[in-house]
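One chain, chain A, links the two complexes that follow: it is found with chain B in the first and with chain C in the second.
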Partner chain A sequence: MSETIGSGPVLAADGTPLKRSLQRSLRLQKLRALLLIAPLLAFILITFIAPIADMLFRSVENEIVSETLPQTVKLLDADGPSAPIVPGNETFSALYVDLYVAVKNKEHTRLGSRLNYEQTGVSSLFRKSGRRVRRLDVEIYKNQFLDVDPAWGEVTTWLTLMEDAKVHKALPQTMWAFSAWLDDVIEDGDKPEEEKLEDYIFVALYNDLSAVSDKAVSRDLINKTASAVGGFETVDFKSAFAKFDKDWHNEDVWKTLRVYSPPYTEGYFLNAVDLQKEFEGYSVRPENERIYGTLFMRTLFMSLIITGCAILLGYPIAWLMSNRPMREANLLMIMVLLPFWTSLLVRTSAWKVMLQQQGVINDTLVWLNIIDEAGRLVLINNQFGTIVAMTHILLPFMVLPLYSVMRTIPVSYTRAAKSLGATNWTAFWRVYFPLSVPGIGAGSILVFILSIGYYITPEIVGGTSGTFISNRIAYHISSSLNWGLAAALGSILLLVVLLLYWVYDRIVGIDNVKLGG
Partner chain B sequence: MSKSKQKPIVASQQQIAGSGAFFAGLFGFLFGMTQEMPLIGIAGGIVAGAIVAFLASKYIPTKRLAQLMSVILGGLLGYVQSQVTGAIVGAVFGWTFMWFVYWVATGEYRRRLPSYATPWQVIWHHSFVVLCWAIFLFLITPIIVVMPLSFNAENFFTFTPEMLNFDPAGYSLKHYQDFLTNSDWQSALKNSFLIAPVATLISVSLGTLAAIGLSQPFVPFRRAIMAILISPMIMPLIISAAGMYFFYSRVGLQGTYLGVVLAHAALGIPFVIITVTATLIGFDRSLTRAAASLGANPITTFFRVQMPLILPGVVSGGLFAFITSFDEVVVVLFVGSAGQKTLPWQMFTGLREQISPTILAVATILVALSILMLTTLELLRRRSEKLRGMTPAKSAVKQTAEWRMSVAGGKP
Partner chain C sequence: MANTAEERAFVEFERVQKSYDGETLVVKDLNLSMPKGEFLTMLGPSGSGKTTCLMMLAGFETATHGDIRLDGKEINNIPPHKRGIGMVFQNYALFPHMTVNENLAFPLEIRKLGKADREAKVRRALEMVQMGEFGARRIAQLSGGQQQRIALARALVFDPSLVLMDEPLGALDKQLREHMQFEIKRIADDLDITVVYVTHDQTEALTMSDRVAVFDDGRIQQLAPPDQLYEEPENSFVAQFIGENNTLEGVVQEIRDGLALVRLDNGEVIDTTPVNVSEVGERTKVSIRPERVEFDKERLGSEAHTLKAEVLEFIYMGDIFRTRLRVAGNEDFIVKTRNAVNQTRLEPGQQIEIGWLPEDCRALDA
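Right after this comes the complex of A and B.
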C-alpha cells in the first residue's frame, strides 16, 4: 500500500488496482470452496438425485410396447381415427414379425405382463401366442421369393442391402427383421454367411414390398421382386392369430395396445389415482378396483390420527419437562431420548411383544380378570397396532420441538394472567397455549411428514388394514413387479412430502426448530 | 435421596389414615381383580391401609424405619400369597405405600404448589403428574420389556410362568447363544460390519471436505447446494429405496455390495455435513492463517491445525453415519440381495416370518449399543467444547437430537 496519493485508483502492492485484485482473490476463494464441495455434490447427484430422477422418469416411461412390437406400433400409429379397432391382415402380418423376434429374444412375456396391468388376460395371450408363433408355417414366402430371384437366399445379398441407406428407408421392416436375425447369429458366435435365413424375414420383406408404392430404390433386385409380389400366395395372419387365441379379434386387446403404444404414458399416474386410460378417454375404475384413493386417504387419515395422538401425549410431558428444574428435566429428557436413539426395529419388535394376542398387554388384562382367556383383544395387525406403535416411535419428534418452544415461555405470563383474575383454565387457554402453538405446528408437520412415508412399522404391525401407501409401493416393486405404478405412487408421495416441507419452511423455517437449553 | 433431617408430621390423623386407605385401596382393588373379588379387595385395602398408616405415623419414630418395616411386612405377606414374585411385589408395595403416607403426612406433597392452592388444585396437579408419568411409562416400557424376555428359556415371545416366579429354570442365555452360533445371524452381523464402516468412511471423507468448503465465507448457491446435500435425510426412505432400486438395477449396481455401500453412504452424508459444519461455526479461522504465515502449506495446516480441532465433530458425524447404515433396513431391502443381508434386514424378516426370541436378544444388544453410543457422543461433545474453550452447556445427546430436528430428519 504505497502510492495512494492522487486521484487514480487504489493500487495493491503489485501495482494492480485494489478492486481488481480483491475480485480476483474472491473469485479464487469461491472456486476453492466449490472445488471442495464438488466431489460430494457429484456423489450425491449420482447416488441419490439420479435415482429420484429415474423414478420420476419411470412413472411416465412406456417404451416397452414400441420397443417390443415396433412394426405393429408403427402401423397402428398410422391408423386414422376412423380405422377399425381390430386391424387388418397387414398389421397382423407385421405383428407376426414383431412377435417372432420378441419370442426369439424372450421379450414377449415381459410385454405381456406389462400390458396385463392394464387389461387382464393379455399376459396369457402373449405367452400362448408366443409358443404358437414359432410353429406357424410361413415357408411359402421364402420359396416364392427364391422363385423370383435365388439371390434372396444368399446372406451376402442381404449384407450388401444392409449397407444401403436407401434400402433401409424403403424396406424398414425387412431391414429391422434381418438385423434382428443377424444380431442373434453373431451373438451365438456363428458366421452369418453359413447360416440359413429364417422365414420371418421374408414375411417382413413381403410386408414392405406390398406396402411400398413408388419404387424409390434403384436396385433391380428389389424392383423386380416388388412387381412380382402382387401375385404372391400369402398366409392369412389375421385368422392364424385368431386360431392362436380368439382374443386377438377382441376389440379390448387392440384398444389396450393402441392406448399404450406411445413411448410415454400418463397411464401409471391415472392408475395411481384410481382412474384408467381407455381408448375412448379417461374413466374411473370400477368400484371393486379402486384401492389407491382409499389407501391414500387412509395414509393421510392415519397420519393425522398419529399426529393428534402425538400432540395429546407430547404436550403434557413437554410442559412437565419445561416446568421442572434443569436437573430433573434432563433426567426426564433421557426417557424421551432413549427410545429416540434406539433402533427402529427394536422398537417395532417391542411393540409386537406388547400387543400380540399372547403379549404383555393381553396377559396383564387376563391376569387382572378384565378379559377372559377366550376374549383376548386383537391389538396387532390392524390399524390400532399401527397407530400405537407409530405414535410411540414418532412421539420424540413431537416432544422435542414442543419442549424447545415451551422452555422459552416465561412463567410470569400465566402468573400475571392469574393475578388479573383469570382462572387456571383461562390462563392456560388464553395465554400459555397460544404461545406454545409454534411448537405444536413444528412438531405436527414433522410427525405428519415422517409418518406418511413410513414403511417398516406398518408392514410388521399393520396387517392388511393398517398398511400405508409405502407398503403398496414396496409391493409393486418386489411382488407384482409393476415398477411404473410403483414409481407413479412414489412420485405422488414425493410431491406431497415436498409440499409439506414447503409449508413447514413457510411456517417454521427449515432450520428454525431449535431445542432450547 | 440425601440424608435430610426428619421432617415433622404436619397432616391431621384423618388425612394420614385417608392417604393410607386411598393407596392401599387402589392396590387392594388390583389385587382383588386378580382374585376375581375386587370389592373385597378394595374394602380390605382401605381398612388395612388406614390402620397401618395411622399406627405407623403415631408409633414409629422415623420414616426410614417405617419403610423398612412395611417392606418386610409386605414381602412376608407376598411370599405367603405367591412365593418370590409375591414377595417382590409385596416389598415394592410396602416401600411405596410408606413413601406415599409420609409424603402426605409431612406435607411434602404441597412443596411445588403455592400455599394458597385449593385441595382440588392439589388433586388436579397430582393427577396431571401421574398422567405424565404414565406417558413416560408408555415411552420406556416397550424397550424395558424386551430385555428380560430375551433371557426366556422357551421359544416364546411371552413371559412364561417360570419367568414370573423368578425360577432360574425359566431363564437362559440360549437366544444369545443362538445369535452367536446361527449362521444366518452371523452372516448378517458380518455384512453389517462390512457395509457400515466403508459407507461411513465414504460419507466422512467426502462430507468433511464439503463441510469445510461450505463453511468458507463466499460460497455461490450455498442454499441450493445445502438443500441437495441434505435431501437424502428428509426424503421418506421408501422413495429413496424405490428410486435407488430402479436406478441401480439400470446400471447394474442392484444386489451388489458396492451398491449398498454407495446407497448407505448417501444416506449418512447429511449427518456428517450437519455435525461438521456445526463444529466449524466455532472454528477460529485466524488459526489457519497463523499456520500459513508460519510457513505451513494448506495440507499441513489442515492435518496439523484444523483437523485436530474439528475432530470431535467429524467423529460424531461418523458415528451418525455409522448408525444410520447399521440401523437402515428399507434401502438395503431393495438395493441389496440375499448376499448383503444385514442385521436389521434379518430382524425384519424374522419379525415378518418366523418369530424367534433371538430377535429380542439382538434387540437387547442393540439397546446396549445405543446407550454406549449416546455416552460416547456426550463425551465427544464435552471434549469438543473443552478444545474450543467453552463450558459444557448443552448435553451432546440433546445437541445431536437438535441437529436431527433442525433439518426435520430422522430415520423413518
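Right after this comes the complex of A and C.
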C-alpha cells in the first residue's frame, strides 16, 4: 500500500500507471458505445451536417468566374491599380479563348446568370456574345502558324508538346486551350489524330508567344515560331467584342468582372445585409433595393409576437393540465396534440378558409351585422394572418415544455405559500410563476427558433407583408437560383439564432431550461 | 362540565365527514376537541383519513359535512391564507428559488412587516432551530435535516397559534429523526404553541405527544395520552397498532369481580380484564404485551392461570432477549426479557409454563 502514498503517479498492481490502465479498461466500453451510435452518427453526418456545411460554404464560394474565364481572370489579376478598367486587346484576345471554350462546354450562360446577380444585363451580354464568338473568323492565326511551320497543323506535334512540363509553363494558355479541345474530342469518342485542330487554339498560342519574348524553351519549333509572331496579322478582338455588344466597352461590366474574379467573395453576405461590393469598395444599396434588413427585423419582431401570444395562450392550458385529475389532463393533452397529428398544410389551408375576405369569420361578422359588406376585414395575406396561423401551429411547442415543468411543481408549494398567508394571486406570482419560468424559457426558445425559420405558413397566409426571411431564402433557392445569396441569408439566420441562444444562456441559463422531469 | 370543556377547546371537529367521490367516506363522523397548548398526534396507517383531517383543518380540503372550529370560530368557509395556521409539509415545501432568509421573510412580507422587524424575527426563528448561519443559503444547498429545521422555522416565524405538521420527519434517517423529535417537542413546549402532528410512526407519536388520536377506517379508534394508549388499548386495532402485542383468541366463559374467564380455542382457560366484552359466549381477542409475560413461577401469584409453551426461537438483541414461543396454537407468541444479570436464557425446544397478571391481559373485541 505504501507505494500509492508516495509522490508520482499512482501505479496499478502490475506497475503500469493507474491512469493508463483505467483508460485501457474503459476503452472497450467507449468503443462499444461509439459503435451503438455509429449508424445514427453516419446518417446525420451524411444527411444533415454535410449538406449544411456545403450550403454554408456556398455563401462565400465564387469559383465559377475563375473556372469559366481562367485566362481572362489571370490577366485581370495581373493588372495594376492604375490599369484602365476596360482592358486592352490582349485581355480581349484571352477572353475570346475563354469564351470559345465556355461556349463549347455550354458554361457561359451559367456564368452570365451568376454575374447578373451583381449587375443586370450581364446574362444577356454573355448569351449574345456566346452565339457570336463561334461565328467570329480567326482562321488567319492558324494559317500564319502553318506558314511558319506546317508541323503546327499536326495533332501529334501538340500531343508531344503536352508531355513537356516546360512547355506547359511557357505556354499555359495554349496548353489549356488544347487540352480543352482534346477533352472534347475524347469525350465524343473520336481519335485526336484524325480530328482537325480548331482555330481558337492558335489564338491562344499567339497570345502566349506574343506576351513574353524570351520563352527559354529548348524547342526549335517554339523558338522559331516565337520570333515570327511579331510580324503576324491579327484580329482586333477588342472592337470585335464591341460589335457583339457595345457593353463590352462599358466600364461597369469590367468592374463587376474584376470585383468578382477571386474564388471567394464576401459579396453574398454584403448583399444579404443590404450592402454591395463595388469596384471602389463597399457601399449601401440604393433605398429601393434594401429589403433584407427590413425582412430580418420583421422576422424577428413577428417571431417575438408569436412567442408572446403562445405564452399567453399556452400558460393557462398547461396550468390546467398539470392541476387537474389525470383523466381531464389526458383529454386536454389530446386536444393539444390533435393539431400535431394533422398535416401542417391542412391546418394552414384551414386558416386560409377561415380568414379570407369571403371566409368564415368575415361571413359570420357580416351575418351578425357587426360589419357591413364593404367593410370586410383584411385578416389574411398580411402580418395578422401569419401571426394568427403560426401561433396556432406552434402552440403545442409552448404547451408541452410548460406542462412538463409545471407537472414537477408540487402542489405543496402553493399550499405552503397560502398557509403562510399568501392570497391565491400572491402564491401564484411569488411562488408558482418563478418556478414555472424554466418552462416558459424552454417553450419560448423552441417557438421562437421554430418561427424564425418558418416557411410554409407565411408562404401561404403571409401575402407580401407577412412573409419571413425564409420565404426569401426559398425564393433564391428555387426561383432566382442565387444559391450563394440564399446561403448567406441562411448563415445569417443561423448566426442570429445562435446569438439569441447565447444571450438567453447568459440571462436565464440553459441549465434552467427543462423539457421534462 | 360540558360548557367549560367547550370554552377551553381551541380546535374542534364536530361530526365532520369527508368524501372525495360521493360514494365512500374517507373521514366518517370525526369528533375531536383539543385545548390550547396541546401537542396532539394523529396516528394511523396510510389511508386512515388522518392527513385528510389535517388538510381540512388547514383549509386545503373542505369538509363534506360537519363543523371545524378554531378558537371558537367556525372556519369551514375561511380560505387557508386567512386562517393563520402554520404548517410543516411532508417534503418541507421550501421555495427553491428563494434563500433561507427569503423563505422565512415570505410570511412576514405578506403581513407587511417593516424591514427591521422582519429581519429580527427571521434571525430569532433561525436561532431557535440552531440555523443562524444558514440565512443566505439556497434551499438546494441544505441537507434534509437542515431543510426540516428551516421548514419548522418558517411555520413558526409569523407566530401562529396553531401549527400543523404533516409527517415532517418521514424523509430523515433514523438517528436524525429521533433527534428532531426531541427538538420539535422542545420548541413546541418553549413557545407554548398548539400542535397537530400527523404521522404513521408510533414511536414518534408516543414520544412527542400529549395525546394521540389513533385513526383507522376514517374514525378515531382511541384518543388518549401515550401511556394509556399503550397500556390500556380500547380495542384490538389499537392494541395491534401500538407497540408489539400477543394475541390469543377464545370465548368468554365467565365474567365476575372485574375479571373475565376466557376459554382459548385449544381448551385452556385464562384470567383476563374485560375491556369491550360484556356477555358470556362472546368471541374475543386477548391481548398481552410481550414484556408483561412471565415464565418464572415464583413471580406469579399462586392461583394465577398458566399456559404451556414451547420455545421456538431465542434472539439476542443486546438490551433485551426476544423469545418466540408456541402458545395455544399461536406460533408467533413473543416474550421480551431484559438482559439483566442472572436472566434466564431459554433454549429452543424447551417446554415452559408462562403466565401474567390478569390486569395485563385484556379481552378485546374479536
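Brief remarks on what is shown
As a working rule, the second predicted complex is superposed on the first by the 415 of 517 C-alpha atoms of A that agree within 3 Å, B and C clash if a C-alpha of one lies under 4 Å from a C-alpha of the other, contacts with A are read in each partner's own complex, and residues count from 1 in each chain.
Here is the rule we go by: a contact is a pair of C-beta atoms (placed from the backbone, for glycine too) under 8 Å apart; a residue touches a chain by one contact, two chains touch by 3 or more.
Everything quoted here is computed from the prediction, not taken from an experiment.
In the superposed pair of complexes, A:419 makes contact with chain C only, with no contact to chain B.
Of the two partner chains placed by the overlay, only chain B lies in contact with A:49; chain C stays clear of it.
Contacts of A:40 after superposition: chain B is touched, whereas chain C is not reached.
Of the two partner chains, chain B is the only one touched by A:460; chain C is not.
Residue contacts after overlaying the shared chain place A:72 against neither chain B nor chain C. After overlaying the two complexes on the shared chain, residue contacts for A:401 are found with chain B alone; chain C is out of touch. Chain A residues 424 lie at the interface with chain B in one structure and with chain C in the other. Residue ranges of chain C in contact with chain A, taken from their complex: 58-60, 79-87, 89-91, 93-97, 106-107, 110-111, 154-155, 158, 164. In the complex of the two chains, the chain A residues touching chain B come out as 26, 29-30, 32-37, 39-41, 43-45, 47-55, 58, 313, 316-317, 320, 330, 332-354, 356, 358-360, 363, 367-370, 392, 395-397, 400-401, 404, 424, 445-446, 449-456, 459-460, 470, 473-474, 477-478, 483, 486-487, 490, 493-494, 497, 501, 504, 510-511, 513-515, 517.
Interface residues of chain A, counted against chain C in their complex, comprise 410, 412-413, 415-424, 426-427, 430-431, 434-435.
Interface residues of chain B facing chain A in the complex, by the touch rule stated above, are 30, 33-34, 36, 121, 124, 128-129, 131-132, 135-136, 138-143, 145-146, 149, 156-159, 202, 206-207, 209-210, 212-214, 216-220, 225, 228-229, 231-232, 234-248, 250, 262-263, 265-266, 269, 273, 327, 329-330, 333-334, 344, 347-348, 351-352, 355, 359-360, 363, 366-367, 370-371, 373-374, 393-395, 397-399, 401-402, 405-408, 410-412.
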